[in-house]
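For clarity, chains are labelled A, B, C, D, E and F in written order, and residue numbers in each chain start from 1.
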């Protein structure tokens, strides 16, 4: 039985690398067709080429392009979980959210609008940023019916009240998300926090708000399995969004990012953790903060593409489950 | 008057970088739409991700992808000639020619077939290689009505009889083209030849066959204007194909190529020469031998994209002229 | 006689590379001391780490840091003109202009304020950008007494009225400068313009306003000596600011820039042209658009440092002349 | 007693880096002499500059050259096992196997012939590829007396029946080896398998054929010591060949490879595992899939050289043991 | 209470990245002021741009400059230990030790003199090398009152008697330190030793002299906590110097170093170990062997800066403790 | 007739790239055999892996290795002059001169000794450095019968009396050569001098001593043909050594060098100039100052290999002429 054929829509498959070699044809995310939102998708892969929220090294605006290019190396079946997302769900590349390079707040609204259209169409988005600010407008669109759960992999808490006098930037999205009622702080999990800090207060907001904060020290003390179990417990059956700031990884895995913090997660641990979230009510996710100019050969983007594939797999499995 | 609106076909414009920033959306050649051959094109931009003809450093199969990516930086009007190719002609990216990584001869046939379909549709192709072997199957399709003229920018003559026991590779296409009646040797111009040679005979075939051979020493002695005039004289009003092996440039302009030969053409000289071909009966062209792995930051591909744009401009101008 | 000792201020010399090796000690511009504006300077070397005016590839905010680092390779005497700027003038590194990464317009004002303090102190600034927007606030401070002349080396005219709905960015500073009465359009020279364009109108403003526009085609037709003579004629004895957008160079000289345009100026030509401006009433200058992430090894920044040294030399010579 | 002096052959030692600095003299594998097969070797270090079996990113043909260059950093004694291979055995660099860039099947035969001469001379080969296809012709030569055991470190099983219509390429060698009676499937161990897959069947062949398949998930579950023990158990006292596809490593250790798969082995784990094979009846080995153009600084090749050294050590120890 | 204000000296704080962005202003170590030794410091950050002790790949002379540049990314509070070194102690960048590129022995004396002045002023130095030879002259200055303890993280023992006929180079400093009475061999700990060796004797000196030698094999067998405990036990309450040769890390963390040895420590393990030394009587430390030309993007230097920060934290904590 | 067969020595040919692909086999200079001095050579290609004479960025010790590697791309016939050096002369790679990394003066003596053996054997050396100091010991060996002529391509005069208190380093060799009677100052030509200077006196020594100094300004004013003629006139029929410091080129051609000076020679100009020296009594030459770590992809070394080939051609032609 063809898992995809729940209705009469024509199939929507990625290019088969055994027919069209990986290096051929224009790059889309994981080689799926570049389509419009009217293509009857279950899952939309999208880019958010935005970096006006960056306070240090910038250039994350070019992230989606490089992730598309490196995602040529992704195949179609998850070796560990056996999930075949392109069979479980109709997946297309819907292009990039609209952005203006001169209007931070206006672009956040435009991104919200773009994802509102996706969400309204009943499509689950899996995205590539952009700086991490973009998680806020994406989650806004996904939380129209009420606060959602969120699992954040990151070196930084991104919960400052403001930075350099600005309240909407890559250091603040998850605080804003709580304040706006987008994320339920009791169902918020942060994994991988570490790194030198501006002050003792840098990550305190999460503790105060009720987040489940798992620093790298906690991660190591608990062990990976316990971390997975804890994330599942906190989230429960709430709709959950999975956001991966690529700097959650140790810098050897992400030379191309803005604020690398040594001593981070490995790709292996990250893959296993995301796989461990299978069965949750996943409604989408993103991988952010790829900065191609700092890694022109694309090693960071390759890891981002693989993490995006893992998030796609648990999203597709949830989509298929919800369909039943 | 809108030059493009000679009929009722809907317009076909590249993304406007003042609306959709250069870094956004999946990469196509010069940001034109990715379309099928049924899109009513005047000019098809195409990739030929092939490198089985390479005898030394390889990886040219990834050339089209990187040229697409770097061509984001191309805008819409030629500053020197004022040609606006996307207004003069309907231009689309038709994707890549089909290739097999295990079948040199079969792929050459498949490429010929791909370009036969383009030529049959009355569309002029401007392509990105691939190793320089691909000029042969492309020109075959364009010469179905008789031998064509050809202007080749290159460090190497590519007119050996065979190399390493093989007769169809990047060292032989222009000899094969003459033998097959694809190119009229009396209307063949080679510009930029230089570099150490396997033997004294490396470039002799062209002289014997009647090519107008202009080595780098000749180029310097004649001067650029005289070279342009001579190329125009030799080609006359014949349909002419323009093929640019990126190694015609000095290696500082093409670090990402297989066989760089110091002491070559500059981009300025190349741009001015191609512009100088305006008014000829141009039927298409290509830029070959971009090898992205040797230049991950894409400087070579950026130059290739600009040369492709110059070839596009003279092709579009010829298309518009032929239409009148 | 010590040229510097026109008064009792203690000498202010760069580190001597024959004593303190080039690779030692923190990097300042050309190894001069890092001082405050109260150091009795004749010339201030300054950075403007700003890139909110960039519409494409960004990261020019890191330009001053890399130019400082690569300027370790600069020595003390100009081989061609024999000018020894650190003997002719008291030269210090005054650090960077204040910037906010979230406030384009506010930062332009802050930059203006920074250079107002420099200008008020009777100090001539030679700066490293930053995207080219920064030329506007710098020139504002230098034109408090009336419109100044300007010589701009650049691939792009930077005279659009707006881009992406914004009127203050790297595509507009020289139009704004004329409108604001900062630059006298009759004494404005643009050298090196070229590259694909958004529209036919991209550079038209300058022609209309009375600029002396010298495109690359013009440059080649006139020859370098004539270009120098023409620039001197247009500027006359007006106070003149020299602004060098690094993309005026051919991309082989500036792989690390936002909008490279093949077919540009060489370093040799640029050096000779700036030297040819000696004797004009130079009041400062800048080198902009170095984007380090695209050239981590610093070749672009090394060229920028050398161009900055050439501008420093003609400024120091003018400073010494005005002093007499 | 000098371990090497079992006969009257003159000694054959690598250059001593305490006399001839590491950076001096032409590069050979680990600085041993470049000799002919008539040099009375025990172990031949050889290159196989072949990549016609690659379906994606290519350029592995340049692998042996870069591994030679980076192996300058290898010294002479194994710190963990105390094995000093150049004292235990006569080791020389016999150059590269003959290859044709236009003849996949012919080159596989030529490689077989090259290793037949090595094997016939009683010499154990330790090689640097080349894409992983080359393991097949090498093992053919080593299995003239009957099927051998094989331990394969790899992200991919390389046991497809065909890919892109071809049966002899980097995705098939170990299936062919079983079919040809070269490898005994009951004594075949695969370690490190992971990564996205073309289909659910990608690695199934091994299970069906009786391989001991240890995926990354298995590896982690079993622990390194158990994996070593299991590999030793499966191989027993059979002559065993050790083949290391560099992509068995996590991509941070092998940026220069064709098909990197995040979540792989570490160098530490790999070194310890190979050391753990000491005492087996090792008859040779290889390290494949180094692709220098993707890692010009040679980090991948340095790791490859170190793995090659580990394989050399267990081979030399086995050679010495068999001699006794 | 302000920890720094134990006396009337004006505060000495690093630039606040929330006010002056990270990319702005000339680079000093961790953005602290560049001051003289008369600034009333508790801790001096210093560079030692020396590499005449290198026998292989060189260029470590440029290490301090790149570590300064990358240390822009360091913030002010240690996330794990909560130590805020710039509040606990007055910390300044005192520039670089004097070096001569032609005089190995003379420069070692000059370095000793530089650190004598630091030590005499009661200031604790935390330094960036330079090749590892520099640990010797630094420790000499710190051991004027008697032998000190030393904890060395390193792939190599650096205890040869001579190399290439020379007794003072990067392979010998810790043997010389013992011979000179600078280091107490009974309080010397070496962690991370591994790699191929010149001979069986390479690391034997330490065992004979009474060092606590913990090879990578030992490290893995003991576990990180036991290693920390053992280091603390050996050192006891002696004044202890912490020296980190960056090649103690696995090469993925230090592509820019002279003698990378696969299979090394991770940044996570290194950070946790240094934090585990808190409470010891730390008198200073260094991070050596960063070789920027081999890693122009600065990943190695970023790790070095983070390790330097960790050493700074335990030094600052000890300084504050000793003050009480 | 075989030009090489003037006697009974077996032929000595480079690997034929049409049989053994360029990427195969260990790298020697231009793929000639690695032989001893007893091989009956006419011309010895040699490396001098020395950089103790460098005062700034170092690592030139790795130059010969990278030039060997990149010289794989050299073929066998000079396209412009038709000289086929490997037919005109017996050419071998004799390996590297002996060096000590700790003994500047001793190594200069050792290099002299190495070249004395070459010269005594009647062999003409063409070498790859190494920093430019090495020209001195090489020329000493070639001038045993009296002062020789010298043509130096360089950005710097290298005629200081001392630098940093040392008289034998990369800034002094040509002054020492004159003082030692190695070079006849009346037959010394310097071409390409430019760049910022330590003082007004930097290049004055040559003028005083009678050198024919041709700065870049002179070069441009005279024109290339006149420079060639002048060099030929000055040298006359004296035995002449040709030394090319790679920084004579503009930095775009030599990113991998210690002291790049913008505004330099092009490869085209350099090639034509060296060819223009054909017919002189050439006795050898070198190309120095390639610093591989600053250009890991080897573009600089490729240019160096090509320049070395040009020098080889005029040397081989002179060898053949002298033989007649």
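Observations, loosely collected:
Quick note on the criterion: a contact is a pair of C-beta atoms (placed from the backbone, for glycine too) under 8 Å apart; a residue touches a chain by one contact, two chains touch by 3 or more.
The structure presented is a predicted model; accordingly, all values stated were derived computationally and were not measured.
Number of steps on the shortest path from chain A to chain F, with steps defined by chain touch: 2.
Taking the definition of touch as given, a chain qualifies here only if it contacts chain E and chain F alike; those chains are C, D.
Look at the contact of chain B with chain F and you find different residues on each copy: under half of the numbers used there are shared.
For the pairs D-E and A-C, the count of C-beta pairs in contact is higher at D-E.
Taking the CA centroid of chain D as reference, the farthest chain centroid is that of C.
The greatest centre-to-centre gap from chain E, using C-alpha centroids, is found for B. Distance from the chain A centre to the chain B centre is 40 Å, each centre being the mean of its Cα atoms. Of all residues in chain D, those touching 2 or more other chains are 21, 23, 55, 57, 61-62, 101, 164, 252, 294, 297, listed in ascending order. Those chain pairs judged to touch are A-B, A-C, A-D, A-E, B-C, B-D, B-F, C-E, C-F, D-E, D-F, E-F. Those residues of chain A whose C-beta lies close enough to touch chain C in the complex are 51-52, 54-55, 57-59, 61-62, 100-104, 164-166, 169, 291, 293-294. For chain E in complex with chain A, the residues that touch the partner chain are 16-19, 21-23, 73-80, 82, 84, 252-253, 266-268, 271-272, 297, 299, 302-303, 306, 309.
Against chain B, in their complex, chain C makes its touches with residues 55-57, 163-164, 193-200, 202-203, 215-217, 220, 250-252, 255, 259-260, 262-264, 294. Contacts from chain A toward chain B in the complex involve residues 20-21, 23-28, 34, 47, 49, 61-62, 64-65, 68-69, 72, 93, 95-96, 98-99, 101, 296-298.
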